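Next come the structures, one after another.
The two complexes that follow have subunit A in common; it is paired with subunit B in the first and with subunit C in the second.
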Partner chain A sequence: MPNKFNFFNKKPRYIELPINPQMQQQQQKSLPPNADTAVGENGAPPAIPDGLWIKCDFCGELLYKKDFAADLKVCKNCGHHYRMNAQERLEMIVDEDTFNEFNAGLISLNPLDFDGYDKKLLALREKTGMNEAVVTGYGKIDGYDAVIGVMDSNFIMGSMGSVVGEKVTRAFEYAAEKKLPIIIFTASGGARMQEGMFSLMQMAKTSAAAGFCAQAGQLYITVLTDPTTGGVTASFAMLGDILLSEPQALIGFAGKRVGEQTIGQKLPEGFQTAEFLLEHGFIDQIVARKDMKATLAQLLALHVKN
Partner chain B sequence: MLDYEKDIAELRDKIEDLRKFAQERNADFSDEIGILEAKIAKMEATALTNMSAMDKLTLSRMIERPTTLDYIEKIFDDFIEFHGDRRFRDDPSIVGGIARLNGMPVTVIGHQKGRNTKENVQRNFGMPNPEGFRKALRLMQQAEKFHRPIICFVDTPGADPGIGAEERGQGEAIATNLMMMSTMKTPIIAVVIGEGGSGGALALSVADEIWMLEHAIYSILSPEGFASILWKDASRAREAAERIKITAQDLHKLGIIDKILPEPVGGAHKSLDEMAATIKEYLIKVPFTERLGNIDELVKERYDKYRKIGVFLA
Partner chain C sequence: MFKRILIANRGEIAVRVIRACREMGIQTVAVYSEIDRHALHVDLADHAICIGPAKARDSYLNIENIISATVLAGAEAIHPGFGFLAENSRFAEMCRECNIAFIGPDPEVIDMMGNKSKARQIMVQAEVPVIPGIDGLLEDFKHAQRAADIIGYPVMLKASAGGGGKGIRIVRSPDDLKKAYDTAKSEAKAAFNDDSMYMEKYLEEPRHIEFQILADSYGNVIHLGERDCSIQRRNQKVIEEAPSMLLTEELRQKMGDTAVRAAKTVGYQNAGTVEFLVDKAGNFYFMEMNTRIQVEHGVTELVTGIDLVQEQIKIAAGEKLSYTQEDIKLHGHAIECRINAENPSLNFRPSPGKVNVMLWPGGNGVRLDSAIYNGYEIPPTYDSMIAKLLTYGRNREEALNKMNRALEEFVIEGIDNNIDFLFQILSHEKFIKGQFNITFIDKEFSYR
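This part shows the complex of A and B:
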């Protein structure tokens, strides 16, 4: 297994093979949709069609791309849950055409004039099509109303600066005001370094907002996804009434490098996982991605007030 | 020792040599000595006003720097220390208890670094484990019950990032403190007396007012950790210290903290009495009784204080 903790410097975990259009056309015609058991003509080993297949970085299994998407980016062989971006997550969880995004236009500034930060933000906005590392809004899950927040680790590792803190805070306040449950999918390396103390203070701000929402009596469910660490773990992520996680997600307080730097000791592999947290009593359930929507709907149903 | 202190010590040695030499030779070097002494005085006066962020970081971490217990002894009367989180164990890197501030019962809580190597090991260098934060929360809830104001002294390199801390829920412990402090129905003042390190510092500083001693620092992450995360190179800590705005002066300008408390010339460790007297003077001026009388208003203001922090384009 590759080093799971080096998430600040992580490359995508699957290999995308280059596309050869001719080959692709041929293969699309000849291959059945469930192609992982297919053999070539005359029983020859299957040719690898370029661009249609990805290779699981964890077990080496070749996965047919369409199947992989249909399986919600979970390897059908080893069950590894690959990271999802916010858009994919919303499509998976929220009923079609029910999502109304909040505050999509909020944009980070560079309060400490940190070199390269503006450029990085601009480049990421173009690349991801998102303005920041969290999408918040209102939507329905199997017909149940909820405020929903989804973090995206593609945007500066989902780190929390002023905008992420503000959007999460506004989502809690909206839930409190409109008497709605709130569900947040976390995926974050922690507080955003480039905004210094402004980022650290977002931990206090979002936690206070979670408290405000709790005092208003609203249900808050956190779904911890890979990775959830640092300042997000140490603030709103851990404050849910119910804490769920995806299998094998990296969840912890200290990043590995910082930990080793500070305590001068190697940390064991595998100790900051969802399974570790479940064992130590810090989360309620590990829920496979395919069951996530149904589980959330069940929980929402159990909290409907008459 | 800071750079300028080394320079001054060298100059003092030179003066001493000159005096000896003058005595031996029966010569008069008083002019030269006068010039050197004037130079020292000038250096002392300017050095601390022009201190770099890295110098402040060094100063804030000096083993001689007064700690929470040093201040508690000087500022309060009748202090009784309370121990334990009632869950796991007593964490010696956070101390707390009740005392009187000028006659008024208060709860005092603070990070506690060691005052020598042995004590530092025992106190985990002031890096709390989850049980430390849970002890602090227990004492705060007790303060709330008895309508006692809370005074927090902040001085930590950060929360312990080790295996035990993860096993016992470091993230959950800090998060819970942040949330509970934001709605705590009693006045809270946080004073950063040395090193305000990241989430471990924040977990004792969600307060109505955050004060910093003149040469204290408060940072999102230790400059070493920052350099290691952002540049993968911990040796660039000095550069990080300058760039991420960690000094009391910078943070006051940015509106993150509320007050800067002046330190004695040379830093708090040069005169604990003077520093403690200054902190006490500031604490006594806080209208605690009035705030306790308008507690709902105070809690709302505390929420708004953090609610407003953030820089973005809407």
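This part shows the complex of A and C:
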């Protein structure tokens, strides 16, 4: 780099930080030879530990992992809502120390003797620390009582087998019996194919349970999160009295490719996103994650008697 | 001791830190934005790394790039200067995770002092006097009446979401409270959509007096006396001096002990400043603590003979303080004028551009901290402060005479500057007599 103002005889060497990663290798060589003598605070040289930053898949912004967690897994630059697990979501929504889980011990059997299903369930239980793809229970939201269900896409893509269906059904029944509002956060790839017909009948069962709860006069709010598809969309997910969604969530029944092949047409841009659904009147409101708890609390406040 | 330090700043303070490092035999790495290619700090440093485009957000506030630059350049420590990332606890935390020494306090302490209400609570516990006010927020008008009676008029009503002077009312008697309460509330509602109010005692014409602290990592804390920064324009300091004319030796000792106690309570390390407001009766109240080197640190250096930036570096490198409180003696008097590239008659509009001719003052008792030179192009992107002119004399009169003389010698052509405005302040009778407070410029000058 040309230097117009030459103040000192021993000129500094200039370093330009590489803009693209390919340049990085090449740049390393021309750096000042101090790296081997440099010693940081506790004896080791300064270095950037792995995973200090997360790169946003959508806008490329670097996000500090602690900021990312504090921002509820939303990119501070582009606002993309990353998926949350059930635990994180409960922490975000439910008042501290008020959550009592229902039926935590229910686990799936392998009714079809589906090859490898047992193993898969065992491995996932260990990895996620959950027994199934939905957590249900009773808790308080800003002081308002509610039955709460949260699905988790980390457990076989939140698919609905007999246990998911049963837990959701019991949650509806509890809400109806105790006269409580019910809120379900959905995230699912659909029915669980490993349980075949046992899975498919959960659609009818949960829908009937939602109906039972409605007849008992209880408020049912669904919060559609990324992704809510297949048999869950086609059953209890879309039956809420109020349908909320997180921004940019994928919501649909069959996937885009299947849809295009079936009707022989190109699907419009943004098809099956929360925004598209809102525009076409399928859902009531898109709520950013930071506003979710306040919005739910407000809805509950409006529906509480007295 | 560190072998190489990266300075995550620009302008005069970057130059100041580089100078300290050179005197200590430490190599320096400057960082710069594209527009600062020809800035003085880039030339003075041993190495220089471009960290992004002109906008501060993309360069001097770009944590990822600054940390990458530090690791690539093999620097063991970062000096943040003031402004930019100096009081960013996340940045300090990331430095720690990357095994880089942050020359400043721990991120936890930065956080604690950065949160005003938390800092206030801690100071109350440490028995540091704070401006009397209510705990929490005002519930209703009746609460406001009760609170005002307890605190004593005049009181200040403040919107808790406040900013930019909106939602603030000074109430001098119970008769005015109702109207002030209602209007402040509706103003806050309109401006911030949040009408929650807070109430504290309103101090009439206080002085801004701050104490310089040094604390090492072994629990030793000392203070280096005070600076009087009451000459302010819209909360921006213009002229600072040490020592303050207002303080008696007794009050100085009392305030200094309080500042040391405040720093000890939060486990402070490195250089910091405890700011107080002092009323006419000599009552002092904690305002805030700045967890960094200050712009006006030079006046303290002149009256104590201690290089604060070098001390910062030594503390960060784990050295013990080499002074005790008894070693600190204030000698003589020092004054600092901030020279800004701005036009006072055009509402202090910044005046960036090329410095065609610059002739800087010198001579006995004159110190100039600056980053501009003949032919330098001042970018419009950053702060308009271009130089700090300091003078030192055996007493205030001598220091003032030198300041007048030095300002007369100072020639800057090509850009507008505030030297004439500084002259006006220096020749004001009340300033000369030392009878001023933080409302001085507002009250005595037509352009403010």
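Everything that follows uses one rule, which is that the second predicted complex is superposed on the first by the 243 of 306 C-alpha atoms of A that agree within 3 Å, B and C clash if a C-alpha of one lies under 4 Å from a C-alpha of the other, contacts with A are read in each partner's own complex, and residues count from 1 in each chain.
Convention: a contact is a pair of C-beta atoms (placed from the backbone, for glycine too) under 8 Å apart; a residue touches a chain by one contact, two chains touch by 3 or more.
This one's a predicted model, so the numbers in the text were calculated from it and none came from an experiment.
Enquirer: When both complexes are superposed, which of subunit B and subunit C contacts more residues belonging to subunit A?
Expert: B
Enquirer: Of the two partner chains, subunit B (first) and subunit C (second), which one does A:Pro111 touch, if any: first, second, both, or neither?
Expert: first
Enquirer: Per the contact definition in the header, classify A:Gly196: touching subunit B only (first), subunit C only (second), both, or neither.
Expert: So A:Gly196 only meets subunit B here.
Enquirer: Determine, under the contact definition given at the top, whether A:Gly211 touches first (subunit B), second (subunit C), both, or neither.
Expert: Once the two structures are laid over each other on A, A:Gly211 reaches subunit B alone.
Enquirer: Pick one for A:Tyr144: touches subunit B only (first), subunit C only (second), both, or neither.
Expert: In the superposition, A:Tyr144 touches no partner, neither subunit B nor subunit C.
Enquirer: By the touch definition at the top of the document, which applies to A:Ser235: first (subunit B), second (subunit C), both, or neither?
Expert: In the superposed model, A:Ser235 contacts subunit B only, not subunit C.
Enquirer: Both subunit B and subunit C contact which residues of subunit A?
Expert: Touching subunit B in the first complex and subunit C in the second, residues 8 of subunit A appear in both lists.
Enquirer: Any idea which subunit C residues touch subunit A in the complex?
Expert: Listed in rising order, the residues of subunit C that touch subunit A are 3-4, 27, 37-38, 40, 42-51, 63-65, 67-76, 90, 93-94, 96-101, 373, 375.
Enquirer: Inside the complex, what are the residues of subunit A that reach subunit B?
Expert: Result: residues 8-9, 103, 105-109, 111-112, 114-115, 162-163, 165-166, 169, 191, 193-205, 207-212, 214-215, 230-231, 233-239, 252-255, 257-259, 261-263, 265, 267-268, 271-272, 276, 280-282 of subunit A touch subunit B.
Enquirer: Once bound in the complex, which stretches of subunit A touch subunit C?
Expert: For this pair, the touching residues of subunit A are 1, 3-5, 7-8, 12-17, 27-28, 31-32, 34-42, 44-49, 52-53, 62, 64, 66-67.
Enquirer: Inside the complex, what are the residues of subunit B that reach subunit A?
Expert: For subunit B paired with subunit A, touching residues are 127, 157-163, 165-172, 174-176, 178-180, 182-183, 198-199, 202-203, 206, 218-222, 224-226, 228-230, 232, 234, 243-246, 251, 254, 256, 302-303, 306-307, 309-314.
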